[in-house]
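Below, chain A partners chain B and then partners chain C, in two separate complexes.
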Partner chain A sequence: MWHRILLRHLLALLLTALLGGLLGATLVRFAPGFGVDERELDTRLHEDSIQALRHSRSNERNLLRFYADYLAGAVHGNLGVSHSFARPVTDLFAERLPVTLRTVALGLAGGWVLGLLLALPVATLRGWSYEFFSSLACGAFLCLPSAVVAILFLYFGGPVALAVCTVVFPRIFRYARNLLLQTYALPHVLTARAKGLSGTRILLWHIFPAAAPQLLALAGVSVSMALGAAIPIEVICDSPGIGQLAWQAALSRDLPLLVNMTLFVTLVTLAANSASDLTSKALVKQAA
Partner chain B sequence: MNTIRQIAAVLLGIIFLATLFAGAFAPAPYAKQFRESPNASPSRMHLLGTDELGRDLFSRLLYGSRVSLLLAPAAALLATSIAALVGGLAGYAGGWLERIAMAGTDLSMSLPWLFLLLTVRAVLPLNVPPAASLLITFALLGLFGWAASARVICAGARSLRNSDFVLQAKACGCPSLRVLARHVLPNLRPALFAQLLISIPVFILTEANLGILGLGVSEPLPSWGGLLRGLENWGAVQANPWRLAPLLLLLIVVSCFQLILPREDFAA
Partner chain C sequence: MRRLTLALIAASILLSGVLPAKSQSGGELHFVLRAEPKTFDPMLVDEEASETIRFLTGGVLIRVNRKTQALEPELAASWKVSQRGKKISFHLRDGLSFSDGTPFSAEDVAFTMRKLLDPNLHSPTGDSFRSSEGSVRVAAPSARDVIIEFPAPVAGLERLFDQVAIVSSRSPKKETAVLGPFTVAEYKSGAYVLLKRNPYYWKKDAHGQRLPYLDSIRLDIQQNRDLELLRFKRGEIQLINNLDASYFENLAKEEPAAVHDIGPSLDAEHMWFNQVPAAPIPDFKKKWFRSANFRLAVSEAISREDLCRVVFSGHARPAVGPVSPANLFWFNRSLQPHPHAPQEALRRLQQDGFRFDGHVLRDGEGHAVEFSIVTNAGNKSREQMAAMIQQDLEQIGIRLNIVTLDFPSLIERISRTFDYELCLLGFVNVDLDPNGQMNVWLSSSSNHQWNPEQKSPATPWEAEIDRLMQAQASTPDQNQRKRSFDQVQKIVWDQQPFIYLVNKNALAAISPALANTSPVVLRPQTFWNVESLYYSNQGRGVGQ
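Up next is the complex of A and B:
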């Protein structure tokens, strides 16, 4: 049973990688300016040299062959060469990825802690004033573009991970608050309260297990939120991560780099969603 | 709660009307340069002062807000129409069509869409005329922002698929497309309208992000993204705090959109 579910998730990831790669290769192939080499403009080159340059790129004009070559390279860890950086894409990934992973991980952890800490009193205290002010504060942050949050952090000298946390926590708060309010209204929780169980016990034994599947699903989605927020934040705060690299690649129209990066980010978020889905299923099975 | 929603709707209406008739309220065309007074303070002639190129900031704010407030709903309408088509068909047909469509939406939703927008925007030429950049930006938002709505519409269509009136229509020999167009989609109207309202502030904020990154609407055409780029010069903002006016207006508009949404649309 579990083997089958795991296999299905792995197959979905593989299929995504293949389809995403094909889509990426198509984008690169049909982008304006594909196959043009600046060296052809060098007047010192002989006509035969120019023809040789053109011939070296002729294989890339056939999309399927181009994609097959790309896949063969990818299997061997060769994701191509970035036009704008004139460096292998794998080297750029290896340099930039740890920065983004650290920022996103810290930002997510902070966002979850803050979001849950703010949402819990809404469900437990049930006072309108706390709910009003916390919703107002989180609503104001929700209305700010992440680039503006980054500008504010840049000028007030806050860490980059805290900027990601600021973008993520209002979303976590909003969903967690609604979810906790719904869970606290469940009959078995009302019974537990009526029987005089302590708030902590109700929370740990009755609220979190009931809300766990939705919270885990939200955890998967929050990875995508944090990675999306990382682009403007890294660009504006000058943090040398994947987000900044994506922006530089977009401005210099470095499609091989951009497509590999998009594919990579998709796989990361899909893997996060699959992990949260599998954990959620395991929890539901254990509870049953 | 209804009072707050009504106030938000009225405020949004006032802002929308003011920007729609920007020509009547703006003291100068948005691109006109007053070269003798760059970075001017607010005055009777320039209500919010001027930028570093001497352009009237109040006029640019009005015209920029008009761009965002007219095109974000248009992009949302495009995204909701695609969502209605994909989600409605998938939910109504069920089976393999639904599985494929939902796998596609899952894939789209798992991708941080700013990454996707950057990729697709990079494929298109960057140095296009301002009007073309405007259309490209909002068309991309509309074309790639349908996935979340399609999921909701699909769930709605699925619940209607086996409802009594749809079964009766089928039993009477009504063709499938007619059932979908005349019976299923009209019943999904409230969900479609809610999705349209949810998408508008999302698209406004995404355009603002793209504009600040220099990948949105190009100069001299103003948009909220372009106007917020002025915040990067924090020294100028500290010296002239009224430069925060675009941010304040954006906050008010997006808050109003959030407030006019029915409460249940925020449910987890």
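Up next is the complex of A and C:
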């Protein structure tokens, strides 16, 4: 039974990623400015060199053929060569992926800790003033686009991971607060409180297990949230990660790099969602 | 004897003011690369970041002195151009070594030139030498002599060697074995390039101390210009090249001693009308754009002084033509910028059958004169210039629409689809010699932007430009070349295929902690004398 579900998820993940990659490639291929190179305007270049530059990307014009060639290469570990960086995509990923993963992981960890720490007192204390001020503060942060957060960090000089945390935590807070309020209002929790169980015991034995499936679903979504926030933040703060790479690839219509980026982001997002989905299903089944 | 002693004492006092004592050498210089370097191979350099690294690490045979614009011997002790610019012979310095200790010889120069001049390499540096078809002969008759023979004369031949960094034919380290003052020690993609001093660098100062004074240079890869300025203010970086006028003004308020306006640069901001016969624009517009009177009228309707004052805060000069006054030899001094004369512009337009009713300008067939200007999005100064040109043209009844596009889309429009009417861009001039502009002026070239790749010149004046450019390229006589190119400048001034607007000033910021700096107009403005830069006592510790 579990094998089937897992296989179905993996198949869906693979097909969606492949389709996402193809759609991404299609958008780049038909974007204005595709296949042109800034170097064509270099007045030092001989006419032959300009023509060579113009034809250097002719193999990318037939999209399906390009994608088939790309997939054949990817199977053997060859992800192609970036035009804008003149380097193999695998090298670029190997250098930059750890930076982004670190940023996203720290940002997510910080966002979750802060979000939950702020949300718990709302549900446990139930004081209107705390709820009002914490909601107001988080609402203000929620209104800030990632780019604005990045600019603030740029000027005040904070770590990039903290900027991702600043984007993630209000969203975690908002969802976790609502979830905890609902869970604390469940009959068996009320009964436990009436029987005089300690707050920690209620939290660990009654609240978290009941809220776990939804929290896990939120965990899956928060990965794509953090990854999405990391792209503009890395660009603005000049952090040498995947986000900066994606931005430069888009500006130069770097098809091999953009296809890989699309596949990467799709795979990470889907994998995180599938993992949380499967785990929450397992938890629900176990509870039943 | 006493006089000699006194003279020596005076000289040593003078020199001590210019040259650092031994204790003053060392330290790390920090500045920013605004893009990721695409290559460390000096032969394949085609963008600014890689060019910076090539300049700091590469050893060249001949160097253009960025201050005097004269040629100076570097790895070549002497050279001789013969056969009317077809042949060049070098006599090399003795006893030099690459940064890995491999000895430098004529074989390395021959290896570099053979590789560089391979047409299949498609190197901008190598292509600069390609004046005609045919093979180049490179010979090293001795360990210190090299002879290079081209199939046809190459105008300004020796200047081209300023861009040719010699690579080792034998070193296993390939392009990391260099002859320049620094060598690449570390590179982290998207983050930084660390250069360490070349222990085998051959130059010494007047005290006999081996150059460069600095131990290392850290080049942080950073695209964000605001962050670059912020880091300069914090003292984290010591140099900024090509500073924007707005940043210059901002910094001047806080650190007036750090900013330098060096005067007009070689670069020009210019615009041109689309004159491509097959362009997808209405025929009546093509007729306007092909009229020299129309182009001149538009040129005269624009106030260049206002552009300099408002857009560049006074850090620019009205442009005359393709050569900036900063180019001391090639600038045609008999020409002046077109004056702001809207009435004269209207008179010219009336000659062509245009009518101005006080609000709208119409052509002889009754079409209201309206067109769009495209420029690259995100370039604040160009966007402001377009807005000011829009206002100026409104004064003579022309309606101008502004379109900003990202760079790839813009290039596609101006070089592939020709779907544009007027384009505003900048011309970055890295070469003092007009031969570097050959592909702009020849009507058959793909970079002849107003009407590229013509099978035969579309107009008599373009045919004349073709003839003059070929003439200047085929003679080694500099004065004769200058006369030909002066005529080209005059034709361009009369016909306005490119409407030159302004020459931006070269603006730079240099930390007062750095000594022996001498910013110049030519690239690289602030670190052209990098081997002589050092930290003064007062500023010691800033970059160290």
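Rule of thumb we're sticking to: the second predicted complex is superposed on the first by the 246 of 288 C-alpha atoms of A that agree within 3 Å, B and C clash if a C-alpha of one lies under 4 Å from a C-alpha of the other, contacts with A are read in each partner's own complex, and residues count from 1 in each chain.
The rule is short, and it goes like this: a residue touches a chain if its C-beta (ideal position, glycine included) is under 8 Å from a C-beta of that chain, and two chains touch if they have at least 3 such contacts.
Owing to the predicted nature of the structure, the values given are computational and were not obtained by experimental measurement.
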Q.
Looking at A:163, would you say it contacts chain B, chain C, both, or neither? Reply first, second, both or neither.
A. neither
Q.
After the superposition on A, what does A:262 contact: first (chain B), second (chain C), both or neither?
A. first
Q | Partner chain(s) touched by A:86 [first = chain B, second = chain C, both, neither] | A | second
(Q) Output check: A:41 vs chain B and chain C. Expected answer is one of first, second, both, neither. What do you get? (A) second
Q) If you stack the two complexes on chain A, which partner ends up touching A:273: first (chain B), second (chain C), both, or neither? A) first
Q. Looking at chain A, does chain C or chain B touch more of its residues?
A. B
Q: With the two complexes superposed on chain A, say which partner A:236 touches: chain B (first), chain C (second), both, or neither.
A: both
Q | First (chain B), second (chain C), both or neither touched by A:149 | A | neither
Q: Using the touch definition from the top, say if A:244 reaches chain B (first), chain C (second), both or neither.
A: second
Q: Scan A:139 for contacts with chain B and chain C and give back first, second, both or neither.
A: first
Q) Looking at chain A, which of its residues have contacts with both chain B and chain C? A) 32, 154-155, 236, 251, 253
Q. Mind pulling up the chain C residues that touch chain A in the complex?
A. 36, 38-39, 46-47, 119, 122-125, 127-128, 130, 188-191, 221-224, 226-227, 230, 405-412, 415-416, 430-431, 436-440, 445-447
Q | Contact set on chain B toward chain A in their complex | A | 103, 106-107, 109-116, 118-123, 125-126, 201, 205-206, 208-209, 212-215, 228, 231-232, 234, 247, 250-251, 254-255, 258, 266-268
Q.
Can you tell me which positions in chain A touch chain C when the two form their complex?
A. 32-34, 36-50, 52-53, 84-87, 91-92, 95-96, 99, 154-155, 236-238, 240-241, 244-245, 248, 251-253
Q: Show which residues of chain A lie in contact with chain B when the two form their complex.
A: 12, 16, 19, 27, 30-32, 139-140, 142-148, 151, 154-155, 174-176, 178-179, 182, 214, 218, 221, 224-225, 227-228, 231-232, 235-236, 246-247, 249-251, 253-255, 258-259, 261-262, 265-266, 269-270, 273
